[in-house]
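The chains carry the letters A, B, C, D and E, assigned in the order they are written, with residues numbered from 1 in each.
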Amino acid sequence: MAKRESSFLNMVLTLLMITFIASAALGYLYELTKGPIAASKLAKLNNAITQVVPEFDTIPSSEIYKMGVDGDTLVFYPAMKDSILVGTAVSTFTNKGFSGYINLMVGFLPDGTIHNISVLEHKETPGLGDKMTKKKSDWSVQFNGKNPAEFKIKVTKDRGDVDAITASTISSRAFCDAVDRAYKAYMEGGKK
Amino acid sequence: MSQWKNFSKGFFKENAVFVLFLGLCPTLGVTTSAINGMGMGLATTFVLVMSNLVVSLVKSQIPDKVRIPSFIVIIASFVTMVELLMQAYVPALFEQLGLFIPLIVVNCIVLGRAEAFASKNNVFSSIIDGFGMGLGFAMALTILGGVREILGSGTIFGLNLHLFPLDADGNPTTMIVFVLAPGAFIALGYLIVLINKINKKSAK
Amino acid sequence: MDYLIIIISAIFVNNIVLAQFLGICPFIGVSSKVETSAGMAGAVTFVMVIATIVTYLLQKYVLEAFGIAFMQTITFILVIAALVQLVEIILKKVSPTLYQALGIFLPLITTNCAVLGVAILAVQKDYNLMESVVFAVSNAIGFGLALIVFAGLREQMDLVNIPKGMKGVPIAFLVAGLLALAFMGFAGLV
Amino acid sequence: MLKTFPQGGVHPEEGKYSANSVIETLPLPKTVSIPISQHIGAPSKAIVAKGDKVKVGDKIAESAGFVSANIHSSVSGTVVKVDKVLDSSGYKQTCVIINVEGDEWNEAIDRSADLKKEISLTDKEIINKINESGIVGLGGATFPSHVKLSVPDGKKIDVLIINGVECEPYLTSDHRLMLEKAEEMLIGIQILMKALSVNSALIGIENNKPDAISHLEGLVKDYPGIEVHALKVQYPQGGEKQLIKALINREVPSGGLPLNVGAVVHNVGTAFAVYEAVQKNKPLFERVVTLTGKSVAKPSNFMVRIGAPVTELIEAAGGLPEDTGKVINGGPMMGKALNSIEVPVVKGTSGILIMPVELSSRKKESDCIRCAKCVSVCAQGLEPYLLNKLAQLERNDKLETEGVMDCIECGSCSYTCPAGLPLLDYMRLGKSRVSQIIRSRKQ
Amino acid sequence: MNKLFISPSPHVYEDTTVKRLMYDVVIALLPALAISIYFFGMGAIIVTLTAVVSCLAFEWLIQKFILKQEPSITDGSAAVTGILLAFNIPTSLPIWIIIVGSLVAIGVAKMSFGGLGNNPFNPALVGRVFMLISFPVQMTSWPVPTGFNNSYTDAVTGATPLGVMKEGIGAGESMSAIMDKIPSHMELFYGHMGGSMGEVAAIALILGLVYMLYKKVIKIHIPASIILTITVFTGILWLINPESNADPLFHLLTGGVMLGAIFMATDYVTSPMSVKGMWVFGIGIGLITVSIRVFGAYPEGISFAILIMNAFVPLINSYIKPKRFGEEVKNG
């Protein structure tokens, strides 16, 4: 088979053809995977919500409300059982992590007590700051069942009640910052 | 060249990472664990095989001057497919590998094989070549990921090896450096020395 | 202040080469001489900034506007490839001296993952146009800094007796590793 | 503060054992071998043949060009042969070998000891006379002196610098000369000043010769325009460029000559030779040579006829010590190790240094630890560690840009290197390669 | 007559050798070692012995079996690395970690580059930073200085003055309140504080400096430029706001500034060759040190600062040259 000549028309046609076929194929695949991608994202979210609030029978991810705080947005996911609010999961954040941004899901009971916390996204140092995730250590369990009204969300070094992760004061401090932000927002107007 | 040779060259003699020093960014970037390395390697293998296949199929239809742009489009399409598929079916791994998935498109191995091999050889050889180079790449990434995981986390494929003494909190005291950037460079440097030695020995 | 954070972060804390592992190929391949490294750094800066601007606009006004964000990879790489060609042609006409200095590096840049990486990162981080430009410039500087320092180290390596097995790429990786180790000290600056 | 050059320098152990030994005249040797090339430039042409009778001061070889010098017989007797003989360079060189018979001097020479102060010759005549008398730089460089005095058109010289530094350890010949022949030397300086038409001459002397400094300071009052300057004891103070910088704070440009900054440098020995040539009509056929060393029985300074074998000097100083390991023609920093002591004294021989065995071998070599001592001692502001490496790797272009040609080969770097690296050896190698390249580029 | 030796000039040599220089450094380190043993007791002895022995052992093993060279451990450089490594770690560090650190220092940072004279980064610091990043918990548990009352395995730990300050500022306390929790400047000067074993006693380190200057082992420029830069930089910050910035003297006496400036930054192999270059090097170290201390995550920054500037040394050497004799005239 002889090579096609590099005439201008040939070149443009070839590129157009390839791009067209590629786009078509991708468009098709996109449509195909759109569903599963959305589903997996939702599953992750729901999973996080389920972890941090007591049992519920509604779909919190469909009843969200938002609140702008500190130049970013907190998202609230109310969880109800038998039409009674059993808890609210709050997606909160901090930029003070050792490697910047950390995204947490904090579950509050209606009175503001922390039910549980799960880490959605972080870039903290493996072996150190990443101990904030449940997978690596039980460190974050100490928040469970504490009400920030009595339990000061600050590391002990900052005269708070939280024991910092050994050698990761910054990550611990950032974690507290995010939880504190969620709590304040929740108490100020996030309770619905 | 026998197809076996064609296939196996990618593992040692022409290993992309250890011998040709290609595709180094993902090699260093994602190999914090063996499983990540393997995942990245397999994703790259997929793109490599598919792009080799398509390129060798259409090679005679493409005018020389637009060869490279055409290859890039073909490769980029497959990369996007991998992106979409991983996002849909292995979201956790996709998150771990992050930026490096779209960056497969600029991985020199892929374009390199398309240009140097697939555009000159028949479909079957090209597929074999893609598999060989891809799996060799995956092997390199898995080895590097494994080494870093063992030293840096004390585990292999997530399995605790109980190599390191525990600290006061009951966590193993591992060499964290190896899961961080410096450890990646250092580990790869020494691995290359080792592989070169082995290659030289086997050549004799 | 935000810009300062972007700048310090990109140059020192999250150095594109030493912490993000982007642009490793030219880092290892081109950096044996300080002068060529400087040329490469110049060319990358040039392309990176333009590419980031163009891809930013494309992302905002085409891909997102039409809901085809999944076409990102394919569009960006094409834009960068075309841009490199364009820059080459324009440079040749407008400033032959600059072309002489940067010319040989331009073709290499298409496959420099740092350029594509920065373009994608700028979009991922949700920067606005000005922030994206600052981000691109800082990353280019970070790339240049790493490249030039590294080239200096490698020039010195040429003058000492490196053990046989370590010569070439392995020692380069080792130096890069120790350089990255040193740069860890910048952690937490932002 | 004593004057000195601005950067680098070392201070080796001085070892001036012969500083107080009055200059003795060495007994006439039985034969002399006078090489026909004792200077930088073209070797001269022998004008005598086997069987010829010569007197002291007779010309036996003729200058073979502008940068060349006449050579005169240092003895009277019969030419035995003109043949290749091993000389102090370590190579066989054409020498005129003369059997000594009596001590009959050429009649033109004024052998009286009277000091002749008034200068009757014009500047042109002086230069001719110096050329005729075969005078070369006696500090060791042996550059024909008349060339230095013939200032090219367009260049302006305003100062004459007289090098009485003698910064080489052990050597004392200049020192003794300044003490014993001071007035002759000063007149010689005046002659040089006249030849160059300058009104000012500065004598630089290292401060470890206070007797010479005060002696000369007392005398120069009668010699207008001549000044004596004490200089810090710091090697290589006697390097031409360093000396000019120290005395008049002018910096000879890289690759340039003292001429470029309006100065001409002559050695005190040369000044004395000029006096003898111009005032006494005596060509250069003898000079002061120091024979010294740690274990030498009688460290001495001798007035020696050119061509006399080194063995005779050694005998006169008490014989070759048992533990001799090395015999050096010149000082320990820049001198040349002799492979035989049978070689003749030449115009450039300022001293013969005998080193005991334990000091003769080189330091054990180890790897460079980049301590930068070589950089800080380099008076030329070079980086010997780098040049050493570049020369080993034969990176000639880089060698050139890093200034290898500026090296004055003073040896301070090798002297100071704690790793015992032969830095100067490699720099010399580099210099010869680079100068070849430069030469071929010019063609 | 004996055969005469023939060699090119020069024929005399200064009586310094690499070995002597290295042992002079060891001697200069002894006062600080003595004070460390006084304050940290058994731990200091164990740590130093472990580090020195393992550095020597690794160098010997690598030279003998991997590089197949003549072992040269008697040149003293491995011993210096060992002592400096020990000086840079807390005295309660587990022995196996010290051995890993020594392997990194000698094996990775030094021998991989071909041994003494070839390494671009200071081996002891590479070892230290490697350990600091790998084992942050162990590397930041500082035994309180209680002499031989301290048990090695189960030392009571406390914070370093810099750590106290960093945390205090983080908690929003004022500098005067923080200073009350920290030993007085006088105590800091003779080393009564928690910290890496060799860095605590400024006075002993300065004594070492004086010895090395007297013996002409090092030049003053690098220590002087580092100390000057830190003084000026922290002085400016302190003058701007003394309530949130510590005074310059505090900065000089705490952390590894003295140890780093006197013994680590002056390492021949990894510092610039020219005097001007030394100034640039020292100023760079000073600036980075203070930046890390004041703005960064680590309370102490001089180790990183020196390593970072080590990386710049080749560039400094190629662009900041000694003034070449006769050069100006040529150019102008």
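The criterion applied here is as follows: contacts are C-beta pairs under 8 Å (C-beta built on N, C-alpha and C of every residue); 3 or more make two chains touch, one makes a residue touch a chain.
Source: prediction; values computed, not measured.
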Chain with minimal offset from the mean of all protein Cα atoms: E
Centroid-based (C-alpha) most distant chain relative to chain C: D
Between C-D and B-E, the pair joined by more C-beta contacts: B-E
From chain E, the most remote chain by mean C-alpha position: D
Chain centre separation (chain C, chain D; CA means) in Å: 60
Centroid spacing, where centroids are CA-atom means, of chain A and chain B in whole angstrom: 30
Whole-Å separation of chain centres (CA-atom averages), chain B against chain C: 21
Separation of mean Cα positions, chain E and chain A [Å, integer]: 43
Shared interface positions of chain A, touching two or more other chains: 22, 26, 30, 98, 128, 166, 170
Where chain E touches two or more other chains, by residue: 108, 117-118, 130, 133, 136-137, 297
Multi-chain contact sites of chain C, meaning residues that touch two or more partners: 70-71, 74, 161, 166, 171, 174, 178, 181, 184, 187-188
Contact pairs between chains, per stated definition: A-B, A-C, A-E, B-C, B-E, C-D, C-E, D-E
Chain C contact footprint on chain A (complex, rising order): 22-23, 26-27, 30, 98-100, 170
Chain D contact footprint on chain E (complex, rising order): 1-2, 4-14, 16-18, 20-21, 72, 75, 77, 115-118, 219, 268-269, 271-275, 321-330
Chain B to chain A touching residues, read off their complex: 32, 58, 60-66, 69-70, 73-74, 76-77, 80-81, 84-85, 87-89, 91, 152-153, 167-169, 171, 174, 176, 179-180
Chain A to chain B touching residues, read off their complex: 1-7, 10-11, 14-15, 18-19, 22, 25-26, 29-30, 33, 36-37, 40-41, 44, 125-128, 131, 137, 166
Sites on chain A touched by chain E in the complex: 98, 128, 157-159, 166-170, 173
